[in-house]
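Dropping the structures in below, format is C-alpha cells.
Consider the two complexes below, in which chain A is the common component and chain B and chain C are the respective partners.
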Partner chain A sequence: MMSAQRFNRILLVLLLSLTAIWLIVPFTMAVMWSLVDPSEPWTADRLVPPVISLHRWRDMWENSSLKTALVNSYLLAPSAALAALTLSMPTAFALGRIRFPGREAAKILALLPLIVPPFVTSIFFTSLLYQIGLHHWRFGAILFAHAIVFMPYSIRILTVSFEQVRADHVDAARDLGASTWARWKVAYLPALKPGIFASLLIVFIQSIEEFAIAFVVGSPDFTTIPTLLYGTLGQDFVRPNAAVLSLILVVPNVLLMLILERLLKSANPALNSGKG
Partner chain B sequence: MGGISAHDLRMEFDGFAAVADVGFEVATGEFITLLGPSGCGKTTLLRMISGFLAPTAGTIHLAGEDVTRTPPEKRDTALCFQSYALFPHLTVRENLEFGLRQKRVPPADRETRLEAVVGALDLSPHLAKLPNQLSGGQQQRVALGRALVMRPSVILFDEPLSNLDARLRDQVRIEIRRIQRDFGLTAIYVTHDQAEALAMSDRVFVMKGGRIEQSDTPERLYGRPRTSFVADFIGNANVLEAEVRTVDGNGLVQLDTALGPLLAASTIPPQGSRIRVCWRPEDADLAATGPNLLSGRVTHRAFQGHFTDLHLETGATGCRIQTKQPGIQEGDTITFSLKPEQIVLLEAVA
Partner chain C sequence: MTLRKWLFVLALLTPGLGLIVAFIGVAVYIAIAQSFGLYNLSGESGFSLEFWVKMLDRKVFSRAIAYSVYIGVLSAFLSVLFAYPLAIWLRKPFPGSLTIGAMLKAPLLVHGLVAAFLFINVIAYHGVLNQLMQGLGIWDGPKRLQNDRNAIGVIVLQTWKNMPFALLLLTGAVQAISDDVLHAARDLGAGGFDRFRKVIAPLTVSAMQAALIIIFIGALADFSFQVIAGPTNRQSLAQLMVFYKSGGRWNDAAVVGVTLMGIAILGSVLLAALPRMTLRGRVA
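The block that comes next holds the complex of A and B.
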C-alpha cells in the first residue's frame, strides 16, 4: 500500500518535471534568443547570450512589417472566430437537435476537412477564391477561408452544446408563453455559452497561427504574424528575429488557453440541475 | 376558468395511432387522472391538450374556445413537468416570474400573484436560491408554483411525483389536491400509479392502447370495472371466465366457472354467453353463508399487518383472498362466501 503510494508520487513528480521541461526549455530558449545583441553572437560554447539587449525587439518593431502584421492578425482572428461561429450555428443546431436519418454520419462528415493537410486545402481553396474573385480583397479572402476551414471545430463543439440543451426547458418556456427569442435566451443560451466561448477561442487561435492560406493568398503584400515569421526564417534565417516573432505569437495564445480552461471548468448550471 | 371538451381526437406517428378516437368532457374545477401503463397514450393525450402536439384529427375546446391548432405559448394551460424543468440559471423568484414577464403582466399585479403562490406553497425562504440548491420536493413545489402563478384555466400534470420518494409523494399529493381546490382549477393529471389516481381524482380515465377503456369515479372504477383490464390494473382482482346459464328479471345471473357455479347480481346485462367476471380478494367472507359458498386449501400466506393475503387452491383453479384473521396457516382448508353483487360482470370472451 505504502509503496504503491510512493510509486504514484514518484510518477507524478516525474510527469510534472517532464511537462515543465517540455514547456519551459523551448520557451526560455525563445526568450534568450530574442535578447541576443547583434554586436556579440551567441555561440554554442556559452550557456547564456554574452550581451543581452532589447535591440532585436526594437529592430523588428521599427524595421519590419510587424506592426501591420499584428494589426492584420488581430483583426483577422476575431473576425474569423465570429464568422465561423455564425456560419456553424445552423449546422450545429441541425446536428444537435433535429433527428434525421444519417445524423451520426453527417457529424463525422462535418469533421473530415480537419484531416486534410492544410497546404492541400489552402492551394485548392485559393483557386476557389480566385474563381469567385475574392482574391482582390486579401483580408476578406483570408477571413472567408479561415472561417470555412476552421468551421469543423465550431460545428463539433456547438453540436455537443446543442445536444445538451434540455427539451423540457424549451417546452417549459413555450408553455409559459415565451416568444422564440425569449425561449432562445432562457433555454438555449445558458447551455450553449461554454460551447460558444470554446468555439470562439479555438478558431481565434487557429486563425492567428494559420500560415498556409495566409501565405498563399496574402503574399507578398498582406502579412500576418505567421507569414512574417516564415519570411524571417526563410530568407536569411535570423534566429533572434524569429524568436521575437514566435514569442509575440505564443504569449497571447497561452493567455487565451488559460481563459478557455477557466470558462470550460466554471460550472455550467444548465448541466447539473436537479432531476432530469 | 373553463372545462375541456375533446372530440374524436386521434394522433398518429408514422401510421401508428398513439391516441385513437378519444372523446371526453371535463367540467370546470374537475380533477381528472389519465391512468394507464406506459405506451397507453396518456402522455400523448396530455401533450395534445397542452398544445405541444397537433392532433392528426379531432378537436379540443378549452373554456368553449377551439384551441386544436393553438400553440402552447398561446394556450391558457400550464404544464407541470415530470422533470420539473426549472431554469437552472434563474433563481426561484425569477423562475416563478418568468411566465408573468412573458405575458407582460404589470409589476404590481405580478407581485400580488407571486405573493399568493409563494404563500400557498411556503416558498418564501427559497426565493433567492437557485433550483439546484433545493431538495426534490422543494423543486416540485417551485414547478407547481410556476404553473399556478399563470392562473391557467387548466393545469396539467405529467407524472409530477415520480421523482419523489414515497413519503414525500403522499405529502405533495395532498398539497396538489388542496391547491387545485383552493384555486378552483380544472386539472388533468397523468400517472401510471393507480393508488395516486384513486386518491386524488374526481374521475379517472383508464387508458389502454390509445383509447379510454373506462372513465368513472374512483369508487365505481374499483367497485364496478367494465373490463378485465381495468379490474386487473386497479387494485387486485380475481378475474375468471364464466358461462352464462340464466338471467332473471331482477338482474340475477347464474354462472358456471372454474370455481364452480356462482350467482351474480348485475344492473347491466351480460355482454355475451361466455364472459369474464371478477371479484375483489377482500370481499371474501369467511363467515361462510349465502349462495356463493366456496372452499379451498391455502397454498401461500403473506401477513401484511392490517390484513393477511392468502392464495387458495380451489377445484381446478386458484384464487386470492384477503382476510383480517391472521390465524389461518398454509395447508388449512377454508370456506368463504361472496355476495352476488360483489361478482362483477366484465367483457365477453372473444
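The block that comes next holds the complex of A and C.
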C-alpha cells in the first residue's frame, strides 16, 4: 500500500499544477492581452502577441474615464471604511461589553445586509433616493449605502475585539485613577487596534470591489473601477482594454488582502493589550 | 436591567444596528409596497394585485425563476462537493499544505468581474482552451463556448469563485474534529466513505449548511456572471429586475425583487433542512 506521505506528495504536485493552470494561465493571458500593440492584432496562430507595447495602458490612462473612476473608487473606499468604523463602534461596544437580553439576536440582525441580495438593496435604495430627492449627489448616496451594507463586517470584527479587552486592565487603570479617556487609551485601544485596522481594510476592499450599488445608484454618469470594467466587458468589448482594467482592479486588492491576513493573524489579545 | 441601562444600550445600538435595520428594512419595505402598486414614483399609487397577476403570466418571469434556481442550487452543491475532500485532505498540516491551501483560496481575492473576464479569455473562440483541444486532436475546429445554452460557463465561474469560500468554512469545521473520534471509527471498522458519512459529515453539518446557503443566495442573485458569460436567450432574476428598473417599470422590478428574496429565504430553509434530513439520526 502507498504510504500516506507518498500519497500526499503526489496529490500535492497534481493539485499544485492544477491550481497553477487555473490561476497562472488566465492571468498570463490577461497580462499579454494588455500588452498587445494595436499596430498588429494578436491572431490565433501566434503564441505571444506579435508586437508588445504599453500603448493600451497609456491609451486607457489618457482617453478613458479610468482616471475619474480611480479617483472615485479611491475616495469612496477610505470614506466608506471610516464611516463604517465610526458608525459601528458604539454597537460593537454594546455587543462586546454589555450583557443585555436579546444580544445574540442583535448580533444576527446586524448581518442583515449580507442576506438581502445586493441588487434588491440597490434598486430600492435608488427608489428611496428619488422619493426624497437625494439622487443628485451620487457620491454621497453610494458612500452612505456602502457604509451601511458593509457595516456587518466592522461590527463583527470590532465586537470580537471589544470582547477581548481584558477587564483587569480596565479595572487596573481605574484603580490607578485614570480618567475615562485615559482608560480608553491604555486599556481599550491597544486591544482594539488590530480589529480597527482589519475593519478599515476589509470595508475598503469590499467598497473598491462593490458593483451592484455603484452600478445602479451611480449610472449613468458616476463611474467606479468595477462599473467601468463592466462597461468594457459589455457592449463595447475591447479585449486589451478590459485586460488593462482587470489588472488594475485585481493587483492592489491582492496586496491589501495579504496585509489583512497578517493583521488578522497578529490579532492576538495577549500580545496586543500591552502586557501579556 | 434598569430603564437607564436600556436607554444606554439602545443609544449605542442606534448608529450601527439601528441604521442597518432602518436602511435594509426600508429597501425591503419599498420593494414589497411597490410590487403592490404603492409608493409609485410617478402616477397614482394604490393597492393592486395587477403587477403580480401580469408578471405571473409572463414566460420570461417563470423562465428567469427556473434559471436562477438552477444556477443557485447547482453552484452551491458543486462548490461544497469539491471543497469537502480538499478540506479533509488539508485537515492535518503537511509539507506544502499551507501553499496549496493559499493557492486554492486565491480566487477569493479575485473580483467577480475580473474572474469573468479571465474566463471568457480562456474559452474564447481563438482562446487557449480551443487551441489546446485542437492541438490534442480532440476537436476538429474551434468551438463557440462563450454564452453556452446550458450556462455551463456561469456554473464554472460560480464554482471557481465560491469553492474557496466553502473550503474556508469546511476546513475550520473539519479541523475541529479530534483524532480520537476518527481513530475510534476506524478501529470499529468504518471505511473511508463510512467515516465521512457517519462521523465527518454530521460533525461539520453547520459549516456545510452555512456554505450551501450563502453560496446559494449569492448565485441565485447573480447578475454580472450571467450578463457576461451566461446564455443570451435567458435572463436571471437580478438581470430581469435591472432590465425593468432601467425601463422605469419600478413595480415590475419590485415584483421580481420580492420573488428573489422569497426564493432566497425559502431556498435557505430547504438547504438548511436537507443535510439534517439526509443525516437523520446522526446529527446531535
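Keep this in mind: the second predicted complex is superposed on the first by the 244 of 276 C-alpha atoms of A that agree within 3 Å, B and C clash if a C-alpha of one lies under 4 Å from a C-alpha of the other, contacts with A are read in each partner's own complex, and residues count from 1 in each chain.
Here is the rule we go by: a residue touches a chain if its C-beta (ideal position, glycine included) is under 8 Å from a C-beta of that chain, and two chains touch if they have at least 3 such contacts.
All of these numbers come straight from a predicted model, not from anything done at the bench.
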item: First, second, both or neither for A:Ala80, with chain B first and chain C second; value: neither
item: Touching partner for A:Ala187 - first (chain B), second (chain C), both, neither; value: first
item: Partner chain(s) touched by A:Ile213 [first = chain B, second = chain C, both, neither]; value: neither
item: Contacts of A:Val244 with chain B and chain C, given as first, second, both or neither; value: neither
item: Partner chain in contact with A:Leu201 - chain B first, chain C second, else both or neither; value: neither
item: First (chain B), second (chain C), both or neither touched by A:Leu129; value: neither
item: Winner by number of chain A residues touched, once chain B and chain C are compared; value: C
item: Chain B versus chain C as contact partner of A:Met151, first or second or both or neither; value: second
item: Common interface residues of chain A - those touching chain B in one complex and chain C in the other; value: none
item: Contact set on chain C toward chain A in their complex; value: 1, 5-6, 9, 11-17, 19-21, 23-24, 26-28, 30-31, 34, 39, 41, 89, 94, 96-97, 99-100, 103-104, 106-114, 116-119, 121-122, 126-128, 131, 142, 160, 214, 217, 220-221, 223-224, 227-228, 238, 241-242, 245, 250, 253-254, 257, 260-261, 264
item: List of chain A residues in touch with chain C within their complex; value: 5, 8, 11-12, 15-16, 19-20, 22-23, 25-27, 29-30, 33, 43-44, 86-94, 98, 100-101, 106, 109-110, 112-121, 123-128, 130-131, 145, 148, 151-152, 155, 209, 211-212, 216, 226, 229-230, 233-234, 239, 242-243, 246, 249-250, 253-254, 257
item: Contacting residues of chain A [partner chain B, same complex]; value: 166, 168-169, 171-179, 182, 186-187, 190, 269-270, 272-276
item: Residue ranges of chain B in contact with chain A within the complex; value: 50-52, 71-74, 77-79, 81, 83-90, 98-99, 102-103, 130-132, 134, 136, 139, 146, 150, 163
